[in-house]
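So, here's a batch of structures to check.
Below, subunit A partners subunit B and then partners subunit C, in two separate complexes.
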Partner chain A sequence: MNVLKVSRWTIAAFVLPCLLLYVCLVFIPILVSIYSGTLDWNGIGASKFVGFANYTKMFTNDSVFWPALGRTFLLAGFSMLVQVPIALFVAILISRYVRKPNFLVSSYFLPVILSVVVIGQLWKTIYNPASMGGMINQILIQLGLDSWTHSWLTEPKVAIFAVILVSLWQYLGYHILIQFTGIQNIPADIYEAAKIDGAEGFKADRYITLPMIVPIFKISVVLSFIGSLQSFDLIMVMTGGGPAHATDVISSHMYNMSFLSMKYGYGSAIATFLVFVCLLATLIINFLFSRLDKRYS
Partner chain B sequence: MSQSVLIPATKPVIEQRRRGLSVKKTIVFIFFGILLVTQLYPLLWLLIYSLKTNEEILSGSFFAFPAIWQWENYANAVGGGKYWNYLSNSLFVTSITMAGVIFLSSLAAFAITRFRWKYGQVVMLIFLLGMMIPMQGTLLPLMVIFKNMNILNTHLSLILPYIAFQTPISVFILSGFMRTIPQEIEESAIMDGAGVFRIFRSIILPVSVPPIMTVCILTFINIWNEYIMAATFISSEKLKTLPFGVYSFVSQYSVNYGAIGAFLVLGALPVIIIYFLLAEKITKGMVAGAVKG
Partner chain C sequence: MTQKRSRMLGAVMAGVLALSLAACGSGSSNSSSDTSTTPTDTTKTTTDNGNSNSNEKITITFQNIYPDTTDPKNQMLQKIVKQYQTDHPNITIELDSLNTDQQKLKLKTQAASKEVPDITIVNPAAQMQPFIDADLFAPLNDMIEQNGLKDTFQKGILDYYTFNGNVYALPDGNNIGVVYYNKSLFEKAGVKVPTTFEEMVEVVKQLKAKGITPMAIGEKDSWTGSFLFMNVLLRTNGGPGFLKDVVDGKKTFEDPAFKEAVDAFQSLVQAGAFQDGVTSFDYNAGENLFKTGKTAMYFMGSWATGGIETSEAGKDNNVGVFKFPTVNGKGNPDEFMLAPGSAFAVSKNSKHLKETLDFLNYFMLNYPKETFEAKGAVGIAQTVDGDFKAAGYSDMAMDVLNLFKDVKGGDLAFDNTMNPGTAQAHLSSIQNLFVAKKDASEVAKEHQSAYEENK
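So, the complex of A and B:
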């Protein structure tokens, strides 16, 4: 039981500055966004209440929305099914084979702390046509694979994969770090006990590392999923959603609608949808992992 | 790329010979080497790129070092003083945000974990809910609110939401730590006649330095690199922070490739320097942030 009995005013002085700022700038805007999602409003003039018309339009009459949602999940899928498992594999290898892992782990981690603007512009330069100094196309030409060269960010079919690759590249180190730390925190005596029982190497990984790392693995999955749903700074920097919406995801579509097309009401409806999907996704992932947890314990 | 792959892998090969270890280990270390190259080579490439002339960049010899190191690319990038302006804006916004986050969230975390009152857990729950809210959902309403408050296109319009969005995770990390401080400390402090503010300032804050460092690191990395809010709320050239500044510089100088490269290097440099100095603290802090988020 806490010992500090203080007056109401003291409590207010400690809690309110933080709480008020937070509620006013995070919670209330979300509520405002839910409300303005029901308006036909350009942000300046008069607004008209239209009920769910924005949502009806979004689901049935917006040629960009569904492909953008699809690409959002494509990014999330790549992140969860390619990036996170590779990271787990690398983390297991590092913890098994490297005696002083700090250098390796922090080098892999370096791209994570760089600004998305720098990363995006760097890769834009790498993806440039060979005539503009782009590295990938220059390598392909030197290997004699001229036919493989692409204008990576302006061809609608490849552009989204070019962007996804950068996102996977940048955050791979983050997931390696998280899962490596998770493995390090597994008590060493469990492995020793298993060794006596004859479980070593990959067998030990299968029956000790994997079950013990489930909670950390969950964190990686949640982060990669939520991160993918929200990631649009990279897309804004690299393509702005173009060419012709070929790299639009939900949040970049929301941004373009709100700030470029000045459809505030419609943009807010998309934003509300995004918030809702984020909450729902967190709940679903938590539910799935709590079942997985039970199975293993 | 295959040439440079071998370099990081040679050392383990020697070790292996000495200890007579398996082929498996060599393969694993080659794999680590390849990964190291893919993670770091683009950054190294950018550094070399930034020191070349336009002709060298366009010639297609991407592995080659520049014939003469073009330091004037950096002079061009820094010239006009824009870089220093962006840098000082970023320093200003980030440091005020860090101070604000630490001050406000440590007060709140202290009240939530150490006071005897009914609603501590409710307040905590409100903060926890906020961690799931995506920042994009608030962009538009915040812009309207700031426009009405007449603070759009000022540094205040960045600092306020930055603090607000960093508080949930900070309160969470700090209260997680403060909960573990033994009650006896306060009991004896009260006996000695210390007031609440005194206890907070002279006892709780000093012992909470490790989690405060974690909060500092998380706030620094998140806010220093923040681009979307800066690009949405700021429009004057002299107020831009570094990421937004880098973006506008690059879009303006589309033909001087070397200078663009130099500006990108300069844009990444502050964080890279800090990372070299504090790598272990930063990785620990980021893991703490991820695990607790």
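So, the complex of A and C:
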């Protein structure tokens, strides 16, 4: 156990600062919001303990909550089932066909480092109605597809997909980077050996690349899932959750409740719910991937 | 091993000692400054206080919503603060300039931890209520008596900031809802200023037929649509006080007046009054459509006057104003949507309460004069000595000032009258009318159930 030949106390002393920070910045706030979630509190005045009333209301009597949760999972689903596989595909193509991939990968990564506000404003302009110079609608009109034009961000049925698309676009480069790095770490001699055995091209990907980057792929999936659950900024910038809650997700609903409706206790209850969903989802994903891992090792 | 451990322990102890020393240091300096202020507070008068404390450095944090350096209000603020600091070298005014939404959020966070800045900004009536209930602000009753500050305010305006007989905040403005219109676009479409709501809908259709977007609105910030809707309601209700009647239990949202307002409002939306993609335009983006001459009409509080008169559309007196017309022959155009402005409040727990109050007194006394000079005095809450026309205010500004003379009461915005929970439900319900046609009774029911739930 004690390979480093230092006393446990020393180890403790070195771990302590980080542990303290972690406890103070992560655990205590979670505990506090679990507690606030049981209060009827406007955030500044006196509070009243109401037990699980906030949760009962959330699950049974909040017309925004379930649709918002649904949209959150919609985003997560798109992110995991569309974005990450596309990223993997692109990463494979890059690592196979591009000789100096750094420039390409960096440019895909560019949207990730841009501020969400910039991205939101940019896409708002792209989505604008044609009369305001919106790019998509103008292209559609030029192609003679007038009937396909929409005011993308304001039609309740379309708006959420318009926002999801931007979010997928923004983080595509992130996942490409992660998986590209994963592919780079697969030793080249394995491919060479496979080549001799007659596995080349996509066949090699199917039997070598995919199984060997499962751990990296898992990181990507977890990150994309958690990221989607917490998505907030882009929605605030682009639609503010509107029109009439049509693009509200769970975290924007939580924000509206805590700070605009001044139901801080209720907002905390939603936050607590979100924490548990995140934990649960991480557990499920881990479980699924550990089975995958076993299959391939 | 033991030696190592003791060395470790030594290091840790040294760290602890350093920390505790630092803590002692700040603690003692705090307490010494406390003891030096308390006696002077109780024993000496205002002027003495300023002199005797002149060696002690005092910092007053002034949270405000004038971050835009091109805004006349920002220049006025800088100027008064600079002057005050020159007169009182021991006092530093630290400005925390934020835009409105950020400020609201920051204040709520600060209030939750009881760390309200010395001076901050609050909104009138119902929006102030939670802060008053939490007992965060100092009453200003005595302060406004000093140097005749109270008499500079318009009659009745301080009522919106008064709770239990105490004035808790001093407003920076007092505005009314008006309709701005672009004269050249009106001419191009051959339409005249509408005198009834029905004519207004007709004007909208004619403008639309000429390819002109009739009205601009920044409905991503949903209060803008609510402000307009409430003006329709003010008419269909035949006068002010609908929401008050609801609160008093005399009416419900399912009252015919409310449904009529919803229908009238929808007729305006369905006539195509507003720009495409209306719910993705925030307040500034919406206003810019009008300012750049892309739309013909704009309903907004009179605080927009300053910005519009210096804009592209406002050149050469191209923009006029009119009163919101009667709806179905009901209501009185001289009753306006009233918008008592955001207001300055003082933290009850301020470390330098006395100095803060003195500064705010000075600030508010100089406020009318300085805003008048910076050409921002249309719609301020205090009386201004000065000839607007001679000072070079535009014709539009003069028109707005004349409208103020006609004001015979009116209503406050929804979120200034109702609690935040109901207000949010209302805002999203009205926002929905911009994108979907709804049955008036359904809208009424939504409002009523939200109201009962948040009561």
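Please note the rule applied: the second predicted complex is superposed on the first by the 272 of 297 C-alpha atoms of A that agree within 3 Å, B and C clash if a C-alpha of one lies under 4 Å from a C-alpha of the other, contacts with A are read in each partner's own complex, and residues count from 1 in each chain.
We adopt the following convention: contacts are C-beta pairs under 8 Å (C-beta built on N, C-alpha and C of every residue); 3 or more make two chains touch, one makes a residue touch a chain.
Every value quoted in this text rests on a predicted model; they were computed, and no experiment measured them.
Peer 1: Fit or clash for subunit B plus subunit C once both are placed on subunit A?
Peer 2: On the shared subunit A, the partners clash.
Peer 1: Considering only touches as defined above, state whether A:240 meets subunit B (first), subunit C (second), both or neither.
Peer 2: Touch status of A:240: second partner only.
Peer 1: Quick check on the superposed pair: does A:264 touch subunit B, subunit C, both, or neither? Answer first, second, both or neither.
Peer 2: It touches subunit B and subunit C both.
Peer 1: Could you tell me if A:25 is touching subunit B, subunit C, both of them or neither one (first, second, both, neither)?
Peer 2: The first partner, subunit B, only.
Peer 1: Applying the document's definition of touch, where does A:10 land relative to subunit B and subunit C: first, second, both, or neither?
Peer 2: The answer is both, since A:10 touches subunit B and subunit C.
Peer 1: Of the two partners subunit B and subunit C, indicate the one touching more residues belonging to subunit A.
Peer 2: After superposition, B is the partner touching more of subunit A.
Peer 1: By the touch definition at the top of the document, which applies to A:132: first (subunit B), second (subunit C), both, or neither?
Peer 2: both
Peer 1: Using the touch definition from the top, say if A:286 reaches subunit B (first), subunit C (second), both or neither.
Peer 2: A:286 sits against neither subunit B nor subunit C.
Peer 1: Of the listed stretches 20-28, 92-100, 146-154 or 218-226, mark the one in subunit B with C-alpha atoms clashing against subunit C.
Peer 2: 146-154
Peer 1: Let me check the overlay on chain A: which residues of subunit A are in contact with subunit B and also with subunit C?
Peer 2: 10, 13, 43, 131-132, 259, 264.
Peer 1: For subunit C, which residues are in contact with subunit A within the complex?
Peer 2: 1, 4-5, 8, 12, 104-105, 108, 111-112, 130-131, 133-134, 136, 213, 219-222, 275-280, 282, 419-421, 423-424, 428-429, 431-432, 434-436
Peer 1: Which residues of subunit A touch subunit C in their complex?
Peer 2: 7, 9-10, 13, 42-46, 124, 127-129, 131-132, 134, 151-156, 238-240, 242-246, 256, 259-264
Peer 1: Okay, in this complex, where on subunit A does subunit B touch?
Peer 2: 1-6, 10-11, 13-15, 17-19, 21-30, 32-33, 36, 43, 90, 93-94, 97-98, 102, 104-118, 121-123, 125-126, 130-133, 135, 138-139, 141-142, 169, 172-174, 177-178, 181, 216, 219, 223, 226, 229-230, 232-233, 236-237, 251, 254-255, 258-259, 264, 267-268, 271-272, 274-275, 278-279, 282
Peer 1: Under the stated contact criterion, what part of subunit B meets subunit A in this complex?
Peer 2: Touch residues, subunit B against subunit A: 1, 25, 28-29, 31-32, 35-36, 38-40, 42-43, 45-46, 49, 57-58, 60, 62, 104-105, 107-108, 110-117, 123, 126-127, 130, 132-142, 144-145, 160-161, 163-165, 167-168, 171, 183, 186-187, 190, 196, 199-200, 221, 224-225, 227-228, 231-232, 242-244, 246-247, 250, 257, 260-261, 264, 267-268, 271-272, 275, 279-280, 282-283, 286-287, 290-291, 293.
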